[in-house]
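First chain A sits with chain B, and in the next complex the same chain sits with chain C.
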Partner chain A sequence: MFMFLTRRLLTSALVVLISTLVMYVLVSIAIDPLEDLRASTDPNKEALIASRTNALDLNTPVLLRYLDWLSGIPRGYLGVNWQTNQQVTELLSGAVTTTLQLVTVAALLAIMLGVFVGIVSALRQYSGFDYSLTLLSFLLYSLPTFWVAVLLKQFLAIEFNNFLDEPGIAWWFYVVVILASGIVTMAAVGGTARKRLQVFGIAAGAGLVAVAYMDLTDFFVTPGLGIIMVAVLGIAIAVGVTGLSTGLGDRRSLYAALTVAVLGVVLYYPMLYVWYYIEVNWLIIIGLGVLTVLVGLGVGLVWGGPDKWTVARTAALTAVPVAMLLFVDRLLSSWDSFVDNGLIRGRPISTSGRRTPNFDEGFWLNTLDLFGHLLLPTVTLVLISFASYSRYSRASTLEVLNQDYMRTARAKGLTERTVIMRHAFRNALIPLASIVPVDIITLVGGAVITERIFGWRGMGFLFADSLEKNIIDPVMAYLLIVAILAVVANFVADLMYAVLDPRIRVNA
Partner chain B sequence: MKIRRITAAATAVALAAALAACAPPEDEDGGDGDGNGGNADTSITVGWNQPFYSYNSDTSNGNATANSIILYLMNSGLNYYDANQELIADESFGSYELLSEDPLTVEYTIADGVEWSDGTPVDASDLLLAWAAGSGVVNTVEADAVERDESNYPVLDDGAVFFDSSSAGLGFTDIPEISEDGKSLTLTYSEPFADWEVQLDVGVPAHVTAMQALDIEDPQEAKDALVDAITTEDAAALSPIANFWNSGYDFTELPDDPSLYLSNGAYVLTDMVDGQYATLEANDGYTGERPAGIETVTVSWNEDPNAQVQQLENGEVDLMGPQATTDIVDALGGIDGVELETGVEGTYEHLDLVFNNGGPFDPATYGGDEATALAVRQAFLTALPRQDIIDRLIAPLQDGAEVRDSQLITPGAPGYDEIIADNGSDQYSESDPAAAQAILAEAGVTAPIDVRTMFAADNVRRDNIFNIIQPVLAEAGFNLVDARNADWGSKLGDGTYDAVYFGWQSTSTAVTESQATFGTGGLNNLNGFSDPEVDALFDQLAVTTDEDEQIDIQTQIDTILFDAAYGLTLFQFPSVAAWNTDRLEGVEPAPLNPTIFYGYWNWSVPE
Partner chain C sequence: MTVETPPSNVPDEPIENALELKDVEGLSQGQIVFRRFVRHRGAIGGLIALVMVALLAYSSIGVGPIPGWWKFGPNQQNALFNDGGTPSLGLPTWLGGDGLAWGDAPFGQDEIGRDIFARTMLGTQTSLMVMFVIGIVSAVLGIAVGAASGYYRGATDQVLMRFTDLIITFPLIVIGAVLGKMVGAGGVFWLALILGAVTWTSLARLVRAEFFSLREREFVDAARVAGASDLRIIVKHMIPNAMGVIIVNTTLLMSAAVILEASLSYLGFGIQSPDVSLGKMVADYESAFRTRPWLFWWPGFFVIVIALSVNFIGDGVRDAFDPRQKKVPSARAMARAAGRQTKAAK
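Moving on, here comes the complex of A and B:
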């Protein structure tokens, strides 16, 4: 193991070193720091060229400049943006924060959605549902980011904001929602014709109720859940989570989950007090989230039984979405004052940037503003990256489903839920363990195109912008970090795989 | 056991229910502020592509439009260019007077009551600092010998003085004199200088620079120390002053020290978030003739022009001035409630023929026969379809697009109409391949002639130009060889091409600017053109201060250039400005910097 680590680290360091050298030379060839002066008619042009050549050592051979750049790294000096005289280390710290804010949610959503869709698709292999999803994921996978982004801006931001001006749901929207929710759910659940019809009826009905509710309550003008919706959704979550986690036959789990849901409903009004009297910030929200999990575990343990930790897990898994309902409800109650704000002027969804300039109206409105800016880039990133996860998880699930132990599990009479959730699902996730770390770690490298189109000055933006403006130091810093992260990510993936799958051994 | 658990659960629920019973039914938006966001209806947001990074736009690095547009709103000045590129003096800020032509002596006087936003008066010491920095007279180190530290700032050890300035022209002046009351400054040039009017203006505040550099508390004391240091050329004091002048005003977010962003004009800077936006609010203390039209102006940065168009449509920005491309103009034209104004930029496209590379336009190719080379050049330019280029590439982007007919003066600028009437540009007003063939035949040159034509490789418009001119010139007997190059900028003047077209960027209407292009051995003379008469005329122009005489000399130079078939100017780059008519009116974009920000004092919110 020790030998493996040492050898791996040494080769990785060498890879990083060589790649920086190659990149430094290539970037030096590609850029022309004097570009803006060449077509200038400034009377002072000659002095400016001389001064810049001197400042950037342009007459020094590129290899010497590379060594000079390299010698700064041990001291933590990554160079300077010569146009604005900003230290690259400062630029990087700002850019990393921006990128993380942009891509974290999108990455988590894409992984969850991708895995879910992939598994369902595998379970319904070669059905219409499977084929449709395959088509859809390849379609999304191959879409160019800039194009998706422009379309989303047009329809999800500009047109939607126009719609908010005079909201009213057209009849065709009803038809589309009813058919879509019915057909998709029916195809995903499958079964006999009779069952399909039933499922279609239920899902279509749910779709109709949802749209009618939005239409009748003027949801787009004054969105909110209210205690009734919190109760309905909370109980649905409790039943759903129990169904997937332990099965509805486990009464203790079901009761624990339901208790948590009821607790959420009961806390609806008291929480309004809490929001009112406490100066909320993200730290408190995260603290409340942790508290929620603990309460969930506590409730589960009180219900107890022979396998009380399973019950506790179910209760905790229920508690988090129920608590989120309360948070969302509180957030939406500020929607009115957000949309009517003089800086928002009835257009809550933004096409660009991280926040509305000069907008600072307290936690809830600022959060809405942040979400209004995060929405489009997040949707773009999710649409484009979830496809690959769904492909991976579909393939691995199919492989697992054909294993002998699946047949054994079925043969010994386990319920289909147990077979799928415990035997298939968990093992199907193992191959993803080698993909997800790489993806997550390289996320820090940013999303070059998405960041640029949506005006988020993250890592990808820093790279592309510096390259365009002929500034080598930020480009090299970016490449250095991405190279290191890529090496680290692969390393972590290897180790994780070895830990998760006992058949794999790390050998020297 | 079971009963105890159920009891416990029930108790918890009951307790919570009891709490719930005393809860208020409604609890709207506690602590969310007024929710109105200040004077929202007298505020606008302007989209711009590059973020601000330095309050001192006179340094070699700080000299960028990203900085100067913000400073244009913040700081007033002795004069400014209007939308017709005419220089207008702002007497409410200060005045300048030509005391004598020989030696050229100018007296600058700051108007009474003009103050920095911290209450310190603006006076001659501010001008003196700008002069010291711009002239380089007090520098003890040469520009190309300067060592730079890890933040790219000049290292000034042992009392060395170096103002890292971007300006030129003040070098021919002596240390100015300051009047008793400190309001006036008299500058004497050692030789006459045509562009004296735009050489000196107030830059960064002198008192802040000296207070920070020399650690002085009192503004007046600081000014005195600065004036003293410059007039006595006291290197020990000037070294920290230069150092602070070079580096102290660079920031990308609002500094903690408000003295680093003082205003003497219509707006004060109130907020700046790194890479996102800057907010400027009307300066209550401003008493000049160009007060803020809109209470709050926010400049929001976005590098992507297409994204900016959608921001405009979504109401996130109210005014923008992107580079004009067909996509952008089409997209802007399709938005309701947006007014579009097309115009021209300072940059102009031109085609040059090379005189000194042994190619078809070089007399050396014909054994030194000047007349044959001239005929070949004339034939080439006679066939060049300039109007076609305008009609097909520029007219869709710009109302009233026209061919630029002068090498020296921008269309619409003072004197342009007079110059093009007499400069001989009419001989190339129409493309005539047949006439070109005749000229070649008369000169006894056999067609086809290979002409290596260089242009920027990754530029769609230049690619289109090539496609337009190639067939027409082929008809005239010129075989255009495609020598496009991504690295064209560094290949300029290396003799590997016979014709080239690209854009010269012009940032002012200074008449001396063109000498480097057309004078013998000038830095921007990339085609080896040399004419003693032109050189003499430029020398004369440089020392001519009378505007009519300047135009007269420029016409003579222009005529020689056209007669010598130097090359041809094609068009001024089109520009576009677009704004939301519900939010803003009175916009009047100017061709030169500050483009869309020009005339902010006329901006208003429609009723």
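Moving on, here comes the complex of A and C:
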């Protein structure tokens, strides 16, 4: 193992070294820092060119310049942006946080949605649902990001903001929601004609109730869940999580999950006081999240029984979304004052930038502002990566479903839930372990187009912008980081694969 | 891929499989693949769409010095035919338009009176050319690297694969941007050539893996015993057997290439003026979306049509080469068939 690590580390360092060398040479051929001077009509053009050539060492051979750049790295010096004289390290720190903020939510959403849809699609192979999803993923593969982004700007931001100005749900919206929720759920669940009809009825009814609720309570003017919705959704989450995690037959788990949901409802009003009196920040929110998980585990252990950790897991898994309901409810109650704010002027969904300039109105409003800015780029990124995740997980689930141990599991008389969740789902995730790290890293370094379109000054923006303006140092810093991250991601992927799949041994 | 016909006298051979074998009896592997491909509805649809787009693009404005049937050139400035340069393309009445019409500027005009139809067609030509050049270059490079690496193994493999890893380190869009900025002004062909020089990596890895298993097969030994040179074994015996992997991967790569070129041109690192590319058109006209949406819709539409049809063709090719791929009737169709059978039995 030690040998493996050392060898791996050495080759990785070599790869980074050589790739940065190659890229340094390529970038310095590609860019022309004298571009603006060449076209200028200044009388002392020659002198300007000479002075800049001198300042940027352009007469030194490129290899020596590379060595010079390289020797700065151990000292933590990555060069300067020669146009603004900013330190590259300074530029980077801002860019990294921006990018992380942008891609975290998108990556999580894309993975969860993609895996879920891919598995359902594999379970219902060759059904209408499966074919429609295949078609959809082909379409998503073929969509150019920049084109989708402009459409999103138009329809999701501008039109939706217009809609929020004068909200009113038209009759066709009812029809669309009812039919869509009914048909999609029916196609996903499948079964006999009778069961399909039942599922269609239930899902369509739920869709109708949801839209009617939004319509009647003026959801788009004063959004919020209220204690009743929190209760309904909390119980639904408890039942759903238990159904997937241990099966509804396990009464202890069900009761533990329901206890957690009820606890959430009971805490609804006390929490309003907490929010009111505490100066909230993200640290506190994360702390509360951890506390939630602990409380969930505690409740599960109290219900106990022979499998107390299974029960505790179910309860904790229920606790997190229930707590999120409370958080979202509190967040939405600030919606009114957010939309009416002088800087927002009734247009909550923003098309560019990371935050509204000069907007600082406390935690809740700032968070709403952040979400308003995150929405469009997140949707874009999710659309791009959703297709590949769903294809991957569909393929790997199909592979798993054909294994002998699946037949064994069914022959043992296990319930369909146990077969799918315990035998198929877990094993289907293994191949994803080798894709996800690489993919996330690519997203961190490669959201070039999305960042550019939506004006997020992240890593990709820094790269594209500096390359365009012929500034080599930020470009090289970006490439260095991407190269290191790529090497690390591949390493993590290999390790994860080895840990998850006992057939693979790490000794190569 | 060689087809090994299993002996038909195996007692527990499933009937279904026997039928399958009867179906392809006496056909070469190429014929079987071709038949499967032709039966793939999506693939044929994609192929027809792609051919039609290519015909439209090349016949309308012509290629190089050869003139096409369309009256305006892509960079020719005309007076505006309609107010604000709106498209003259009319939908038939049953689609809610005012009668089928082609008009003087079917896709509209931009603010200086250039014909968007001619520009879109030129951009489509660019995309198609970029797609094929990238496809060919990366197929040749990928096959060469993968074959050498898989056939010779050892040190050659190590060197070539580490080189491949080096290129894979960077996202394609990043390395493409650097290279694109280097050669973008030199013209479409050079851009495509240089992009092809970095997109071959996945193909090389796949060909290498395929060669690892192929080189252990008897026919390779037979060829070697017969005195064939390494080059002859690779070209005549191994590459034809790896053709499935190569064609499938190249098709999928070509659809990605269309998007890659469009994205680079959009970012400003690809095709430069006066060349026209669909991605560059979208970038140029993005700000006019509110006032002149047609400037934006048409180039995007053609990018999607090209990429989507190539994706469908790729899917069809993959299914055609996959021996495990069988058309499975849906559960309902099976139930219906079973019902018919029991009825007939009664």
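In the analysis below, the second predicted complex is superposed on the first by the 500 of 508 C-alpha atoms of A that agree within 3 Å, B and C clash if a C-alpha of one lies under 4 Å from a C-alpha of the other, contacts with A are read in each partner's own complex, and residues count from 1 in each chain.
Keep in mind that, in the parts below, contacts are C-beta pairs under 8 Å (C-beta built on N, C-alpha and C of every residue); 3 or more make two chains touch, one makes a residue touch a chain.
Note that the coordinates shown come from a computational prediction; the quantities given were computed from them, not determined experimentally.
In the superposed model, A:142 makes contact with chain C only, not with chain B. Look at A:352: by the touch rule set out above, it reaches chain B but stays clear of chain C.
Contacts of A:381 after superposition: neither chain B nor chain C is touched. Applying the stated contact rule after C-alpha superposition, one finds that A:150 touches each of chain B and chain C. By the touch criterion defined above, A:449 lies against chain C but remains apart from chain B after alignment on the C-alpha atoms of chain A.
Contacts of A:272 after superposition on the shared chain: chain B is touched, whereas chain C is not. Counting residues of chain A touched by each partner, chain B versus chain C, the larger count belongs to B. In the superposition on chain A, A:262 makes contact with chain B only, while chain C stays out of contact range. After overlaying the two complexes on the shared chain, residue contacts for A:187 are found with neither chain B nor chain C. When the two complexes are superposed on chain A, the residues of chain A that touch both chain B and chain C are 150, 154, 452. Residues 162, 165-166, 168-171, 173-175, 177-179, 181-182, 255, 259, 262-263, 266-269, 279, 282-283, 286, 289-290, 296, 300, 303-304, 307-308, 311-312, 315, 328, 330-331 of chain C are the ones that touch chain A when the two sit in their complex. Residues of chain A that touch chain C in their complex: 11, 15-16, 18-19, 22-23, 26-27, 29-31, 126-127, 138-139, 141-147, 150, 154, 442, 445-446, 448-449, 452, 463-464, 467-468, 475, 479, 482-483, 486-487. Interface residues of chain B, counted against chain A in their complex, comprise 5, 8-9, 12-13, 16-17, 19-20, 23-25, 27-33, 35-38, 40-41, 43, 45, 53-54, 60-61, 64, 143-146, 148, 150-153, 164, 166-169, 247, 250, 252, 271, 273-277, 279, 296, 298, 300-304, 306-308, 310-311, 313-316, 347, 487, 489-490, 492, 502-507, 510, 512-514, 516-517, 523-524. Across the interface of their complex, chain B is touched by residues 32, 34-35, 38-48, 50-55, 72, 77, 80, 82-87, 94, 150, 153-154, 157-158, 161, 259, 262-263, 266-270, 272-273, 275-277, 279, 299, 302-304, 333-334, 337-338, 340-343, 345, 347, 349-359, 361-362, 364-365, 452-455, 457, 461, 465 of chain A.
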